[in-house]
Every structure is written in structure tokens, then in C-alpha cells.
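Next up, some structures in C-alpha cells.
Shared between the two complexes below is subunit A, which has subunit B as its partner in the first and subunit C in the second.
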Partner chain A sequence: MGKRVAICAVSQIKNDGDYWYLRFQNMLLPCLEAILEQTGVTFDLDKGIRDIITCSDDVYDARTISNNGVTDVVGAHLRGEEKMAQEAINGLGYAMASILSGHDDVVLFMGHCKETQTESRLMNTNLAFDPFYSRPLGLDFINANAFQAREYQDKSGLTDEHLAKIVVRSRENAKKNPYARENELVTVQDVMKSSMIADPIRELHLYPVTDWAFGMLLCCEERAYEFTDNPVWITGFGNCMDSYFLGDRDLTSNFSLKRAAQRAYEMAGIKDPKKDFDVVELMDSFAYQLPLWAEGVGIVDEGKGAEWIDGKGADDQNVNLSGGMLNGNPIILGGVARALECVLQLRGEAGKSQVKGAKRALAHGCYGAAGQHQAVVVLEK
Partner chain B sequence: MMQEFDKNDCFTLNGKLALPYSYFAGRVGSTFITTIRDQKKIMGVRCDTCNKVFIPPRQTCERCFSDIRENWVDLENTGIVTNFTVVRYDDKHLPRKAPFVLALIKLDGADTPFVHILDGIEPEKVEVGMKVEAVFAKETTNTILDIDHFAPVTERVRVIEPSAPVAKQEKKELSKDERDQLERRKAMSHKVIITAALSGAATMKNQNPNVPYTPKEFAEEAAKCYKAGAAMVHVHAREESGMATHEHDKIKATHDAIKDKTPELIVNLSSAVGMGKTPEQRISQIIHVKPEMASLNTNTMNFSIVERKTGKIFLDYVFENTFTMLQDFGRAMEENGVKPEIECYDMGGLDNTLIIMKQGFFTFPINFNFVWGVAGGQSFRPDAFIAMKNALPPNANYTTCGVGTDEFPCITLSCMLGGHMRVGLEDNIRTPKGDLAKGSFELVEWAVRIAEIFGREPATPDEAREIMGIVKR
Partner chain C sequence: MAEYFGVKVEDIFNTMQERFRPEGAQGVDASFGYDITGEGKWKLTVKDGQMNIEETEDLSDCVVVTITDGETFVGVNIGKVDGMSAFSSGKFKAEGDLGALGKTAKMFRKYAPAKKEMSIRDYLIDMFGTVVERFKPEAAKGMDIKFAFDLGGEYGGQWTVIIKDDTCQVIEKIEGKPTIKLEFMDAKDYVDFSLGKIDAQSLLAAGRAAVQGEINLALKWGEFFEKYLDPMASGEKEQELLVLKKTISVGQRFATGPVMGKFLNALKDKKILGTKCPECGRIMLPAREICSECRVRFSEWVEVGPKGQVRYMDYVYYASPDPLTGETRDTPYGMISVLLDGCKGNDTFAHIVRNDQIDRIEFGWNEMAGTRVRPVWNEKRTGSIFDIKYFEIDE
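== the complex of A and B ==
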């Protein structure tokens, strides 16, 4: 293992179901100010921030070149500025590559998404599909994921009750997280009675509409301690893309997630993912995805996701103690939010959710219909 | 770390992104969509290296990077549901109102399923593994929605349960009624039944503007044909647009308009209706309208549009008429008092009828129509005609029709040999002189002249009923 990249600071605003009174610039500014305050980093062109990576989405921001809308607030004038138009967890890989390649020492990484700005998340995700074969049929990230849900439930024996338990647990865990979206606690019965929206997916099986923004400061190993006494190291990163058309894929094989995980594990020297992680955060935008992705990253045996839910495996392995994406993060940020939660755990700053002595964590994110693109990050103290 | 915000006098602005655009579909995409649009045919592309047929098509195999853009493969219009969801929310990007079903469908001949709408079934009854078929859109959007949706493949129509062991019919003695009927027919052997096939499913106004589409146009054309000497009209009802329709109300409106204006005429409805109709759609309208006669097709065959000079295929289509359909449609007609006109496009169709006839449900006498010149059937040849005439069961009637220039030679031979004649714009749009016919009635006038030459008289509708064993309604 060569040089490492440090995450020196993380910041966020509270996840919220309606920041109608904030522009997304308003959401980002406190995140930036918190990074500056925690680290003392400046925009000095010799020693400070010269490179900024932002994550945002043109369609959700309702404008072209959405990064241009935040240039001021992230301090990007006369500096390198790049946009991750994808699940933001990939921005960690991008920042890591910038630093390891020697391009720069310090990278500011920020992102926002205000889902409430849009009338319909589904109209937006319909645009992820091609205009000839798929878009006219009305495909979006709910009905496309419903195919994956059905197939996985058939394969693994995951029932409506299992799904309800996953939702109940997510909301209970989120109550311990001060930055989590404030949702009502629900019972298994509540979830099982919530309306079916795209069989077998019920209304409470998917993450609620959420607004959020975050910031991070990344730095090369040599200079990390200039900005923090408590760095968290990115020791592994991998991502992978599956086929575009749903019908070309095996929707429950975790093809791309297994490869993303394998790449990250090789880089970080992970031998047994079941034992090597103290904390795991999986991007479960839908309830069925928690066990499916758990199988994909290898913390659960193939096809054993339902048993894992029955056996409280998620609690034993400290999976999604933050509440997960299921409790509410916006699209394109659900994966990076997982990484941020892992950083807090490894720094010992996870409050009521804190896992004592956590040394190594796995964060996962995905994007596209039915988890087409997958990314895995290994973080260590 | 968040400051408290003063929300007084704050408001939100309602904006809208509406961005019309035009995309180039690409050469592969264009071919795929236009083939669906123009030929009602779905194609995939095959990677020979990976031994996989993909749909939607693409120009490069993502697995091995082979160029596969030319490797088109015809797929069936039928397939299996491999996965589905019921969309229970409404939104502006959705093509249907909720609830509707989106399914992954693996077409017969393809290796990858693709997404489409499943309709014609209650969402609660959808199952993985069910067999479905494409229903094509009436109007093109140049997208995948040129397939309007998929629908369950209808169970073969079972109007009546198959009867217990069927008595052998071959050497059955004629009853007294049947013998009497035969005698009356012999006395009328100089009468020739002229049928006018007014429209068919595929002759359009751009080929001959006198093709009727509306009930009123059908009624007027039928009256002219009756006046010219026709005893029967054969009808494929149309929509206003000219598309052949299977909708009961439209077909009944056309049938009734003809009967209202000319009560004497025999109306013979098509049980083929038009391309792409399901067995249920084809027979249920006959049972609904109960015409005096209806066509009964005898053989699954190609029924295509080709350019005869060059051999170029314009539209390839398989006209499905299984033994089961021959049996079930035939039984349904007889059960409902509709006399079948048995359509034989070659000797095989006649032989199929001779087999099914042994079940004994066809009433005496049996009426055949020899059809010539369909691309997929046989062209008119006098020796083939005589062979078919000689293969008919005893005491059967026969008429004949021919596509295009086969029309007048085949009816002339039929008239000469004692058979009957069918003409009309369904089969042929021109007179023997080569002019566009002013209507089917003008072709009837030519048939009357042929009858005169051979000393035969056009049968009145009542005489035609007597000859063909039709019960007048």
C-alpha cells in the first residue's frame, strides 16, 4: 500500500423534508463555514484550497451546468473546479485520484440536492432512460426498481414483513442521529398497510423526499495533520457499471456491486468482509436493497438476505446505524452520506449511534435504475 | 450550525422546464422502429460470438465489442412475461393512467427481455410466465410505442365444448330434406351467384377512391352491386381512418346499414377481419352480429404484400388459421345459424376442411370459395382449379375469387364449369380494360356479362339462399 488520502473534516446540515425557505446556496454555506472552522484551511493559493469538487444535478437544480450555481459559495473562483454529476460517493474516488496522482494536496468536496424543488422525482428519473426504447414507457426509479424487488424477493424469500422490519429499524436508528430527517416512528403493521405504489413496493418502502447538503476536506497523507488531529483514511475505492437495459442484466446477481467491492477490497487488503468491518453503511434507497446490497458487498452469504434480517444480522454487524438512506437523504447524495456517517463513527463522533473502538468501515453508494452503477469505499482510522 | 431564518415575506417561485427536442434515432434505432411501424414486425440483433439475440437492438455487442449492426433477426410478436410491476401512481411521464402494468417480456427468438406495457388483463391476474403478444399502435409515434402494448395470448376460442365421439359422415345417406334441397338446386343450375367483395381489409382509398369506409358508403356501394346483379356482399368493416376494425359496434353498424338500404342482400362478414387480430376478436364479432354468412379460413399461411415484378417483400405476415380455429370458428358459426363460406387458398386448405368435416358439424350443403393470387397462396391455374373442384366433397357448392389480374380468368372458368363468381375491390381495383373500377358494382357488371356468354343468369338473393342453404333472417 502506497500513500493514503485523509478525510480531515466533514460537515452537513440536517436532512429535511422541506427547506422551502433556503436556496441550495444557503444549504451549502454553513457546510463550508463548518469545514473552515474545524480545519483552519484557507483559500490561500500556496497552502490552501486550490481544487474543489462539487456534486449536484442539473435536472434537480432546474438549470444547466448546476455547479456554476455554487461557484461563489464553495470559493471556486480562480481555482480548479470539477463536478461529479453522479452519486457523490464517486467524488471521494475522484478526490483521491487527484491527490494520489500529485495533482494537488488539498481538495474541498461539497454537494447538495434539494429534492423538494422538483414537482416529481419520478419525472426527473424518467430522464435517466433512453428516449426511444424506455422513456416513452414511463420507466422511472420506482417502477424499474420494482422489477428488481420482485426478482430479489422471489430469489431470497424476503417477505413483505421483512421489508416492514427494515423500515421500522431504519426509523428507530435515525432517531439517534441528530442530522437525520425527522420521520414518525412506524410499526411493522403501519408499513404493511401503507399503500402499494409499484408492486411489490409500498409507499413506506422507499426513502422520502429530502433536502440536504454536505462538505468534506480531503488531504494528502503528508499534510493531513495540518488540518486535523483525527484523520480518517480512504484505503480502498472501487466502482463498476452494469448493462444499461434492464433486460440485459441479471437484476439480483449484484454484478457491478461485487466488482466494485472486489476492487476496493483488493486496494485495502480486506480478506473477509464479514469480519473486517466494524461499521457498514449501505445505500438503501428502498427497503429491499438493504439485504440485497449486503449480499453484494459480501457481509451476508448469497441468497441469505432474508435470514439475515430475521437473525438481527444488521445489528450484529453495525449496518446502517445512522438510519440509512431509507430514512431520507436526497438522490445523488445517499452514498456519500453513508461515507460521511462512517467518518463520524471512525472519529468517535457518532453520538448515540457510536460503535466503540470502530477502526474500519465500509461505505456504499449506487446510482441508476436498479443499482446499475455501484461504488464501495473502505475507510480506516 | 444552521442559523435561524426569518421566513416573513418569503415566497417560492413556480417555474417550469419544458424542452421540446428532436433526437436522431441512429441507423439501428431507425431500422428497428420503422420495421415495427411499417411491417408490424419486431427485430433484434444477434451477436454470433456471444450467441445472444438482443432487444432493444444496438450496433455493438457490449460483451465482446463485435459490430452487430447488420445482424438483424426477426423475432416473434409473442413472448413470455419474466417480471412485472403494477404502476399505481399517476404522473406526467407515464403513458397510462394508474393502475397499469409494466412488464419485462422475453420475445420468442430473443435472449434478453425488454420492458413494455401489458394490457388487456386485470393487474391482479398478471403472472410471471404468461404468454403475451404485441398489439401494434394505430398511429405511429416513431418510438417503442409503435407497439401499443402487449396483451395475453387469447385462449383458442371455445364457443362450444368439443362434442363426444364424432359420427363418421362420409357415407351418410342424405335426409329427405337434403335430397329435396338438392333437387331444387339442380333445377337452378343455370343460376350463378355473384358476390361483391366491397372492401377487404387492405384495399385503401388511395388505391381506388371508391373503396367504402363508413357504414353509409358501404350501404350505397352494396345497393349499386345488388342493382348490377350481385346476390351477396362480402364485408370487412372499416374505421373512419380506413383501418379494418374488429369492434362489434362498428361492424354491426356497417352490416345493418347495408341491410337497411337493401334488405334483400345476403351479407357475408369476414372472420379474418384484418391483420393482427386475435382469434377472440375474429369470431366474437360474428357471434355478435350473426350475419347470414361468414368466411371461414382453412390454413395458416403467409399473407403478404410483395412486388411481383422484383420479388421484393413489402409486408410479411402470417395469417393464422389453425385446425382448432377452423373447428371452433366453424362450430360457432353453425351453432349461431351463420353459414360458413369455406375459404381455400390451395389444396391444403381444402384437405384440412375434409378432415375437420368428419366431426360432422357442418350443415348441408357446404360452400367453398377458391381464392387465387394471394402472396402466400397459389396463383390461378386452370388445372389447379379443376383439381380442387374434383376434390370437393359430394354436393358442395363452390365460388371463386382472384387477386388482381387473376380475378376475371378464375371467375370465367368457374362460371364455365358450373361454379359461382366473386368480384370486388377487395380482390381487384381495375376493370378488365385496366381502368380503375368506379366501384365494386362495375366489376359485378363485368361478371354479369361473363354469365351471359355461358348462358347463365345471376341468381337473386333468395335463389342464392336456396342454393347455399342459407336461412334468411
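== the complex of A and C ==
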């Protein structure tokens, strides 16, 4: 890799269980203003932002081409605008490609999702399936993921108690994160007593309904210091798409995640993912996914996820110190939220969760039933 | 008259009375004409929750006249032809008040083609005619049985089903001494029993049927023969699965946010509020948080209008019925873009114009002013964009 792409600034609103009094445009606007304030960047056609990437979920917004409805609050009026119709973490790859290709120097990247607008997440994710075969069966991202969870339990020996520990840890970590959704602390017993919704997934194993928005400013290496003294570099990116039909996949092989990670590691020159990262953020929308994805990105040996939970491996490797998605980020943004947390860590702005001297971080995101599409980003100071 | 999809044009009209839904015709007082090329003309009159249909040449007092060919008319009515496509392609035309035509959809239950009936005799012939093909030799291996059927009534008759040497044979009489004899006073009962519409116990208890001989063997019938399938049960030809029709709906709770909320709330007080950009001075309508051009938050609220001038209008000829509620708009309607007094440039406000004034609206262009209009407010205002019913010419 010759040139690098910098993340010059990040901004967010607090993750909330119900921004009932805000339009999603209201959620984005403070994120835009914070970026402008932090960096002094303008929308000047020669030197400023000429291209904006946004991420939103049309079904959650109940609006076709939902990016068209937020132009003013992301500054996209009379500028180039492109939408990431995939887990937002891929927007980093998109922005990176735009900058490395020389198409533009500065890219603003914004995203939002207001999960509370919809009556039912299950109905929305049911719409992710084909209308002839899977949708009538009632498949959604919970019961489809339960297939994966069950199979992974068999493969790794992950128990109900392990899952409960993951939830307890997520909530404890999130208490240190001022932008995390406010949740009650829970005990292992609380989690194990929470209602079973799709065996083995219990209510507390699943990320809560959340509203959130964020912003990021990306820039080419040459100009990064115009906007910050403390850039974070994207040094690796890879993503990979697996089969749409669940029946075509081995649900616990992590096939697509391994491919995505391999691609990112090659680009960033990562030799040993177990040792090379100071901070790791994995998109655990469900408790069982934390050890599963940890295996997939290679920070845990295959099939050893349960032991890793027993052995405090997640703490030793600084995994999801932010609380993770499990504590609450909306769908389609759970991965980019991981990247944003990594940026804060590398900038030394992670507050009570700060890992001293963090130099290199791994951020992961996925979207689709049982992690169909996977993406991995390597970030460095 | 020709048949289309197995249905005649007159079948549709002749069944209107029985398909009529008075609850769907509330408040309708109008006549609707149908001019079906090469088939004839009909007039439907609806008033006070009642209807009348007549074949007539005179459609002059109809609010709307549907003009189409027999195939399209029947097709649309029985769901074989997509109404919207037929409308777009010009095969299905309507002259007059299209919105009124939309109302007729709610007045009638869908036309269901009548099934061709099978008589009791048809069933008996079919039931005994298929006994041999329904016979399962492996289940009746080594059996030597004669099932006799003595069915009374107008359409009855006698049959014997003979199982011997792993074969089956049916004769249309009873001869010799059957192993078992089933008697039904009325052949219709036997047909109903075979179709599963009535159970044997009730027939036996009521004395309408009797069994002689080895009763246990009677119960074996179901093992020896495949179940008789009602040829009428499948009814219409199976749907050819090239398309699957579904209506998708997921409930939503749209937040207005404080700015859009204040804008909507002001409509209750018959006020139209915009937000003003502190840099360029433009007024945003509907009110928004930020000027997209200057990228700054608004600085003040400004009341504008309520009168203004039309900048653009378009004629809309389709009613876009809501698939969930059936709600439509009266057509044709005029969608307008109004530059309210106090606003300038492109900061216009979209609404609709009074239906009977559509043809009198002049557009504004550059310095040229468009037709002056004013809002007509709803008596009951709820903070919705339809607190303004429509705009009308200010004269």
C-alpha cells in the first residue's frame, strides 16, 4: 500500500431507545455540525467537501432511496452524493476507493437509522427474504440467526451461561461509554431467565431497538492535517458476500468473514491477528456472535469461542470495550459504530474505556441473515 | 354473446344486483354508463343504497362512461386483466368523472365465475367409473369380496364392486350374494358421504342408510381404494405461478420533530409558517431545520400567505387507490405549486386546487404572475396537510 486514507473526524449522537421527538433528519444534523466544527471543513467546490456518502435503510426509513430525503442535513445539496446500501462500515471502503482513485480528496460520510419508527423489526427483516419461499415461512433476522446460534453452540460448546456472561459484560462495558444506549445492568441469572424467543436466543441476547446517527470526515493523506492533528488511517479493508439462501451456506464456517478479513489483513500487512491488534470491535448484534465472529477474524482459534469467553480472552484482547452492538446500535450501523469506536480509541478519546497507547484496531460489521455480508476494516494511528 | 375467460359480458351485469354492497354505496347518487364495444350499453343507477342496472342506448345522464371491449371488461372484472395496464394502454377508457368510477369498485363484491355443476348422477357415474383406477391391488391381496351398492332415489341405481384375484371389476347391477351390501335411501346421501360432507353414523342412526353382511369389511373400503377426489373441489383452473400478488404493509410512527411539528400545528390555527435562512433569507416551506443551500440552521419563524399565486399545476388523471384502505382521490385533479405571499424564488408550496377550477388556472413564470389562489380550510383541523382542503381562485 502506498497511499493511505485518513479519518479526520468522527461525530455521533447518543444511542437512544426512542428519539420519538426527532425526525431522522434531526438526528443527523448535529453530527454534520460537529464535523464542521471539529475540522473547519467547508463545502467549497475547490477545497472542501464535494462528495458525500450516506448510509440508510430504505425499509426502516419507509422511504424509497431514503438518502434523497436527508440531503440538507448531510450537506449534500448541489454536491455529489452516493448511498451505501449495505452495512455502513462498507462506506469506509467506498470513501477509501473514491479517495485512493484520485476522484476526490475529501469525503463526508454520514448515516442514520431510526429503528423506533417501524412497528416491527421482525416484519422489516422478514422483508429481507424472498417473497415466495423464505418470507412466507416467517424467516427474519432473529429466527434465521437462531439456526446459526444453535449450530455454533454444538460446534463450540457455547452454553446458555456463556451467552449470559457476554450480555453482562456488554452492559458493564457500555456504562463507561457516554454515547452508549442507557441500559440496566443485568446479572447472569437475569439473562438466563429472560424469555426464549428463538431457541437458543433469549430476549436479552439480542441488541435492543435503538436510534442513532453518525458522521465522519475522510481525506487523502496529503491533505489530512488540514483538518486534524490526529488522523486515524484506514490501512486495510475487505468485504465478502455469502449466499442469499441460508441452505446454501455452512452457517458456522465463517467463510465470508474469513475472506473479508484475509483481504483486509493482506492490505494492512497483518501477520498475526491475535497479536497485531490493540483494540478489536466486533458487530455482535446477538450474544452468540461475539465468539463466532472472533473466530472468523482469527483472534480466537476455530471452535474455541466458548473457552475464550471462560478465559476472559475478550478482556485481554480489548474486544468490544465500547459495549458492542449488543448494548444497542441500530441495524445497518452496528458495524460502522465499531469503526467509530476504534477511531476514538486510536485518537485517545475513548474516555474510561481507553486502551493506553492503542496503535492498531480491527473493526468488523456484517448485514443480512446470519451474517451474509461481512466486512473488516483495519485502522491505525 | 361471446365468452371471455369463460364469462359473458352480460354475466357481469346480470350478477350486479346480487354482488351489490349497500355499505359501499353510501352517499352515492349517480348513474354510471358502460359502453362495451360490440356488446351493448348498460346504465347503472345508484341512489339511497339501492341500485338498478338496465341495458339502454341512452347514457347521457351518466357521471362517467366506461368504454372498452368485452374481453378487457370481463378480464378486469374477474381479475384476469390488470386494470391499471388496460387503462394506460387505452384499452379501458372512461369519459367523465374518473373519481366517481373509482367508487364503483367498492360497491360490488368481486365477480366469481359460476362453477359448472355436477349432478348427483354425474357424481355416481364418476365415482363408480373411477373405482377400478383407484383400486390398490397390494392392499387387497388375496381378497375375495363383493361390495354391493343399492342407492335409491331419482338418480339411484345398483352397482357391485368385485374384488378377486388381485383385480377389481365394477358391474352396474347386484347379482349373486354380495359379501357386504350398502343401502342408501337416497343416492344423494351416498354422494355426500363419499365427498365427506356427511358422516356414516348420522345416516345409519337416521335410518337413511343400512349395512348388511360383514360390516368390518365395509370399513376396509378406505384401505382398498384411493380416496375419491371431487373433480369440482379444485374449482377454477390452478393459478399459473408466474406472479404472486401480495400487499406489503408495516406500521410506522413518523416523528415530525419540533420544526415540522410546529408547522403542522400552526395549520390548526389557519397559519402557514415557514423558516427563514439567516444568510440568504429564503423561506423554507414546509418549514425545515436547515437551509440546504447555506448549510445553516434557520433563524426565525415567518408566517406566510395564506394567499399566493400558482407557479405550476399539473392534471392528474389517476386516483392511486391506497391498497390497504381503498382511499382514492377524485380525478382529474390539479396538483399545484403555490408561491405564497412573502415567499420568493423556488420556495413554493405544493397542494391541490379546487376540482372545478382546474381549467381556469394560469401558471406564473418569471415576472409573470400566476392565478391568485387562497386556501380553503377544513372545519375540523388536526394538524395535517389536509387542514387545507384545497386552494381556490381568489376572486
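Here, the second predicted complex is superposed on the first by the 381 of 381 C-alpha atoms of A that agree within 3 Å, B and C clash if a C-alpha of one lies under 4 Å from a C-alpha of the other, contacts with A are read in each partner's own complex, and residues count from 1 in each chain.
Keep in mind that, in the parts below, contacts are C-beta pairs under 8 Å (C-beta built on N, C-alpha and C of every residue); 3 or more make two chains touch, one makes a residue touch a chain.
Computed from a predicted model, the values in this text were never measured in an experiment.
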Subunit A as common anchor, with subunit B and subunit C clashing or fitting: clash
More subunit A residues in contact - subunit B or subunit C: B
One more residue to check, A:308. First (subunit B), second (subunit C), both or neither? neither
So, does A:138 touch the first partner subunit B, the second partner subunit C, both, or neither? first
Subunit B versus subunit C as contact partner of A:62, first or second or both or neither: both
With the two structures laid over each other on chain A, which partner does A:109 touch: subunit B (first), subunit C (second), both, or neither? neither
After the superposition on A, what does A:75 contact: first (subunit B), second (subunit C), both or neither? second
Applying the document's definition of touch, where does A:22 land relative to subunit B and subunit C: first, second, both, or neither? both
So, A:30: does it touch subunit B (first), subunit C (second), both, or neither? first
Using the superposition on chain A described above, determine whether A:43 touches subunit B (first), subunit C (second), both, or neither. second
One more residue to check, A:277. First (subunit B), second (subunit C), both or neither? neither
With the two complexes overlaid, spot the stretch of subunit B among 217-225, 307-315 or 325-333 whose C-alpha atoms clash with subunit C. 217-225
Based on the A-chain superposition described above, do subunit B and subunit C contact any of the same residues on subunit A, and if so which? 20-22, 26, 59, 62, 120, 123, 131-132
Subunit B residues touching subunit A - in the complex, by the definition given at the top: 1-3, 5, 7, 10, 12, 15, 17, 23, 25, 29, 33, 54-56, 62, 83-89, 91-96, 102, 104, 106, 112-117, 123, 141, 143-145
Which positions of subunit C touch subunit A when the two form their complex? 244, 246, 248, 250-260, 288-293, 295, 297
Contact footprint of subunit B on subunit A as seen in their complex: 11, 13-14, 20-22, 26, 30, 33-34, 59, 62, 120, 122-123, 126, 131-140, 142-143, 146-147, 150-151, 195-201, 243-248, 251
Subunit C contact footprint on subunit A (complex, rising order): 19-26, 29, 32, 36, 43, 59, 62, 71-73, 75, 77-78, 114, 116-120, 123-124, 127, 131-132
